[in-house]
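There are two complexes below, and they share chain A, which is joined by chain B in the first and by chain C in the second.
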Partner chain A sequence: MAKVKGRPKTGALFRIAAYSSTILSLVIYFFPFYLLVVISLHGNIFAQPPELVPANPDFSGYVAIFTNPAFFEWIMNSFIYTIGISLGTIIMSSFTGYAFSRLDFPGKTQLFWLVLGLMMIPAVASYIPLYVMLAKMKLLNTYWGIIIPPIASPYSAFLMKQSFDAIPKDYEEVAYIDGASRPTILFRVILPIAKPALITLALFQFVWNWNNFAWPLFVATSPRMWNLPLGIWNMVWSYTRDFWTLAAGGVVLMLVPFVMYLIGVEYFLRGIVVTGLKK
Partner chain B sequence: MVEVTLDHVSKVFGEGAQKVVAVDDASFTVKDKELIVLLGPSGSGKSTLLRLIAGLEIPTSGDIIIGNKVVTELTPKERDVAMVFQSYALYPHMSVFDNIAFPLKIRKLPREEIKSRVEQTAEILNIKHLLNRMPGQLSGGEMQRVALARSIVRNPQVFLFDEPLSNLDAKLRVTTRGFLKRLQKDLGITSIYVTHDQEEAMTIADRIVVLDRGKVQQIDSPDAIYSKPQNIFVAGFIGSPPMNLIEGRVLMRSGKIFFSSESVNFELPQEMMRNKVTNEELDKGKNVTLGIRPEDVIATATPGNYARVFKGKVYITELVGNTNYVMVEAGKMILRTVASPGFRVEIGKEVYFTFDLQNIHFFDSETQERL
Partner chain C sequence: MVEKGKRRRRLEARDAYLMILPFLVLMSVFSLFPIFQGISLSFYRVGLPEDKYIGLKNYERALVDDVLALTLKNTVFYGITLMLGIVLCILPALLVNSVAMGNRPRLRWVFQAAILLPIVISWVTLGSAWNWIFLIGGGALAQTGRPGAISISPLAQASTALPTVGLLTVWSTLGYNTILFLAGLRGIPKVMYEAAQIDGASNWQTFRHVTLPLLKPMLTFMVVTGFIGAFQIFDPVATLTNGGPGWYSASIMFYTVRQAWYALDYGYAAVLGLVVVAIVFTLSVIQFRLIYKRYV
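Then we have the complex of A and B:
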């Protein structure tokens, strides 16, 4: 880059500031996770100086979790809820998003604004009425009762609608002229093109639902329906000073979403570039 | 035999204050095996007309007939038309083979037949070597051929083209339009082609439908459109550089007919106005617009022996290939003229120009129609 006479260091200063703030942000964000791992290995971060690298790593917290008789049940429930809700959300929001993006029907605009409005309301606000509904339908403490209500996700519908909006209508029109029906267009043309958005949605849904604590707490009235967050919370609650087991629980909870994130990021970055259009 | 007929077709978008008449009472017939071009500026309704024929839009009124079938309310599949889009719209997640095969797969044809037809079509368009590639790996010209192949493979009744050459560079556009014209003739499929490029239209069309603001202005062969424009819009739109349009009056004085304007005044042969303007109108003076193409206005350095010669000043000169265009300031008008390639004169210098009366056109200034 050519130097501007009289101001030779502007570019370098800007770069230093940018890099410094990025590194600082990363440290601030990742340091608590590092501390979590340290605590889970019995590192004493309250000592003077703090023990940032455990001198004698102790895995007893992990052993307590993995050897708990209910651990397998918690893991299974976590996978059932996560995969069930995520899959259901992806299917429901794909259809909803497509309808809002591509179809014309009476009240479409007003309905869309309603969906947007629902995004502003915290999900917790709907827990009590949902609890009452599920109780009346005798679905409390059942897999259906835990999986079905979260499938209706305004955020996911909005995300898919925006993704479909970004796909030029030319693809559908040429498929329509070639004789494709609307379901064929959706499943063989639009959804494959929207794969990066679907992967992103799946990733977000997986992480949200894997870590979901409040909703199963409300609906799962017996311990056999608990998922991993609930199970670990209950375990640690019995040991009031056992911070390392709680920390180990946090690390275990974070492992699966972390792996999913690594896989999903690689796919999303690779993606399928929309290169079938000449604009 | 496949003809396409539009019978008083109109298309209106919106209502009330936001109402837009995109197509206004269009009626014409595309003959069997003909390549007709819908030509007009942006917003003239040509793409809307094409979409109405394709079935992507439903007319507000009127009927569309393909072959002997009224298809106005039918879906595109039921009309058996194929369309090439300006953007080509190749499915990015499918290979070239799968893109071309897609219309056949939807119809659940046997795999062997699909393979055979795709390869045959690819052979015709010289893209057999591209069948395993993805659209992202193709050049603009290759994408265009794949889009063509996808349309051809179905053997449709009618081809529709929506500005398929717009995204190609100038050189490729010239070679490809010749290829398209030849392909259409070889296949013998009735075709409707949309473009805003008049050179493209004049080159490939059997007939041209000129559109402006949703209305059909003229339907004729390229030659007739160029030599006998029916109104001022067509006269000004067709031709590059565009026709000179001079506002003036025709009037009778002392038994002679004159054309009078701020830039040129000259006597007209009596027979030129016969059957075009009444004697009463000539006595009062009729407002007309005189049209003459640049190639029919010759610029020279000296008056010479021309019967009708006018004086002006050079505004600018443009040498395009071996054609020397000289813009001449005459009165308050600037006229486009042609001079010999070696003609050199400075801006602001005096120059003479003459008309070829055989090639002037007169339009009624009020109705805008050809006299």
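Then we have the complex of A and C:
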């Protein structure tokens, strides 16, 4: 709100409204996560009144997850997909962003238009033909088939171009006159300056790919290739009654993005503001 | 910049092509080609022993498909819900901002974490959590033994599933919207508020005549993005209700995926996918013209 120093008085009504909406929104936002943790610790939520602080927390749900071979496989797949796709995307969009931001070449405008155009096509809609195509290439249920297609991300290339655009050109002119090659300029001059943008992209990519379940839903048809979200989702909708293990899975699933978030709150905020990135 | 020699320019172009080549190849194969592949699929019945050309049959089917009409209606409902969510949240966001974003770093931190969690955490987790909340709430209500108490989740009833999913989607995007919103607020020069204060404007008058008009560009962006977002809703539907009961809460994107995924009807799913692409593309171009004028 208006940050006016020394405002004579703020209405009592305004203050009551402000404080109550703050408290209410905190409850609405934290409660689901809190509840999930309670269930995963075998809190008896079906008691009357529900037991909201588990009297004797039971970690067997977590033990089950890490000892169950299926769960363990899903977690490992999640890590493989996330790291593979994120790394590939970051490297590729750095090169592409640099070329679009700094270099002059025939067809640049048209190609950039193509990137912008593809940014406006919802990815999920293209998954259907992509599925048919990958099936013909015999790439379904393979790590390559899952990791390679999302790497050329127009969104990420656009983000990197935007952040390179903000860097003054003088730095690299000096390096260029000194005889440095393009890759040297990119890695030694540009990327160190663009570090905040790189971290933003890395965090977003990591969270996206970790959470993604529409893409694996298409290309990972065999349960052995599922990632954690897909695995848990399938268990929920096959009406498994083992809530505690599922909740523990949900907690493990949210732990990774949560830690990422704690590491880089400012980067997330920056990323959202700069590009309007959204999951 | 230094005047470029011919040789230097050629070298530059070579470097540029080398740098974007891998991206271009992958983008052409995995983003561009599937669009054309989708158009061609839409004329076929995909199946064994081989795909059969059926002309415009898939399109004819789309024109009389009741489920498509229903899911389109649902999607527009989600779009309106998301847009309303943005507009209605301005005031609460401002109120909360005045408390949480002041000189209280710890409260600010907690608050930021709260509103950002639904953005970073998977819908698979969110969906299960909300389903359980309703399960517990329903159980508790049933136990009070009041006549007419609901014992089943609002997510499982035909009349309430759609609004509930819409509401929870708004819940999950609120943090994102608030951040955009605050970024817009930060862009408003302090002088404006000082002037308003000197003129003796009340909080409401300041909001109405200073804040709101200056936020208009940001609001346009958010409202249009919200509406476009509705056509891409898949995760909330899949995790909260799995489209049910029946198709009552299914979005068009969910219906599309279902056609491919459970009905294995890739030709028809391709038609539905093209409908989504056409709508989203049109809306995005309009948005781009409104906001990123410098590119168009």
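The criterion applied here is as follows: the second predicted complex is superposed on the first by the 184 of 279 C-alpha atoms of A that agree within 3 Å, B and C clash if a C-alpha of one lies under 4 Å from a C-alpha of the other, contacts with A are read in each partner's own complex, and residues count from 1 in each chain.
Assume contacts are C-beta pairs under 8 Å (C-beta built on N, C-alpha and C of every residue); 3 or more make two chains touch, one makes a residue touch a chain.
Fair warning: this is a prediction, and the values are worked out from it, not measured in the lab.
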| item | value |
| --- | --- |
| Which superposed partner A:72 touches (first chain B, second chain C, both, neither) | neither |
| Touched partner set for A:180, first chain B, second chain C, both or neither | first |
| Which superposed partner A:171 touches (first chain B, second chain C, both, neither) | first |
| First, second, both or neither for A:59, with chain B first and chain C second | neither |
| Chain A residues touched - chain C or chain B, whichever exceeds | C |
| Which superposed partner A:144 touches (first chain B, second chain C, both, neither) | neither |
| Which of chain B and chain C A:193 touches, first, second, both or neither | first |
| Which superposed partner A:28 touches (first chain B, second chain C, both, neither) | second |
| Contact residues of chain A, present in both the chain B and the chain C interface | 173, 272-273, 276, 278-279 |
| Interface residues, chain C side, partner chain A - complex | 1-2, 9, 12-13, 15-17, 19-20, 22-27, 29-35, 37-38, 41, 46, 92, 94-100, 107, 109-133, 136, 139-140, 143, 171, 173, 175-176, 179-180, 183, 190, 193-194, 196-197, 203, 206, 210-211, 221, 225, 229, 231-232, 234-235, 238-239, 242, 253, 256-257, 260-261, 266, 269-270, 273-274, 276-277, 280-281, 284-285, 288, 295 |
| Interface residues, chain A side, partner chain C - complex | 1-4, 7, 10-11, 14, 17-19, 21-22, 25-26, 28-33, 35-36, 39, 45-46, 48-50, 92-93, 95-96, 98-100, 103-106, 108, 111, 114-122, 124-133, 148-152, 154, 157, 169, 173, 182, 207, 210-211, 213-214, 217-218, 229-230, 232-233, 236-237, 243, 246-247, 250-251, 253-254, 257-258, 260-261, 265, 268-269, 272-273, 276, 278-279 |
| Residues of chain A touching chain B in the complex | 168, 170-171, 173-180, 184, 189, 192-193, 195, 272-279 |
| Interfacial residue positions of chain B with respect to chain A in the complex | 54-56, 75-77, 81-83, 85-93, 99, 102-103, 106-107, 134-136, 140, 143-144, 150, 154, 167 |
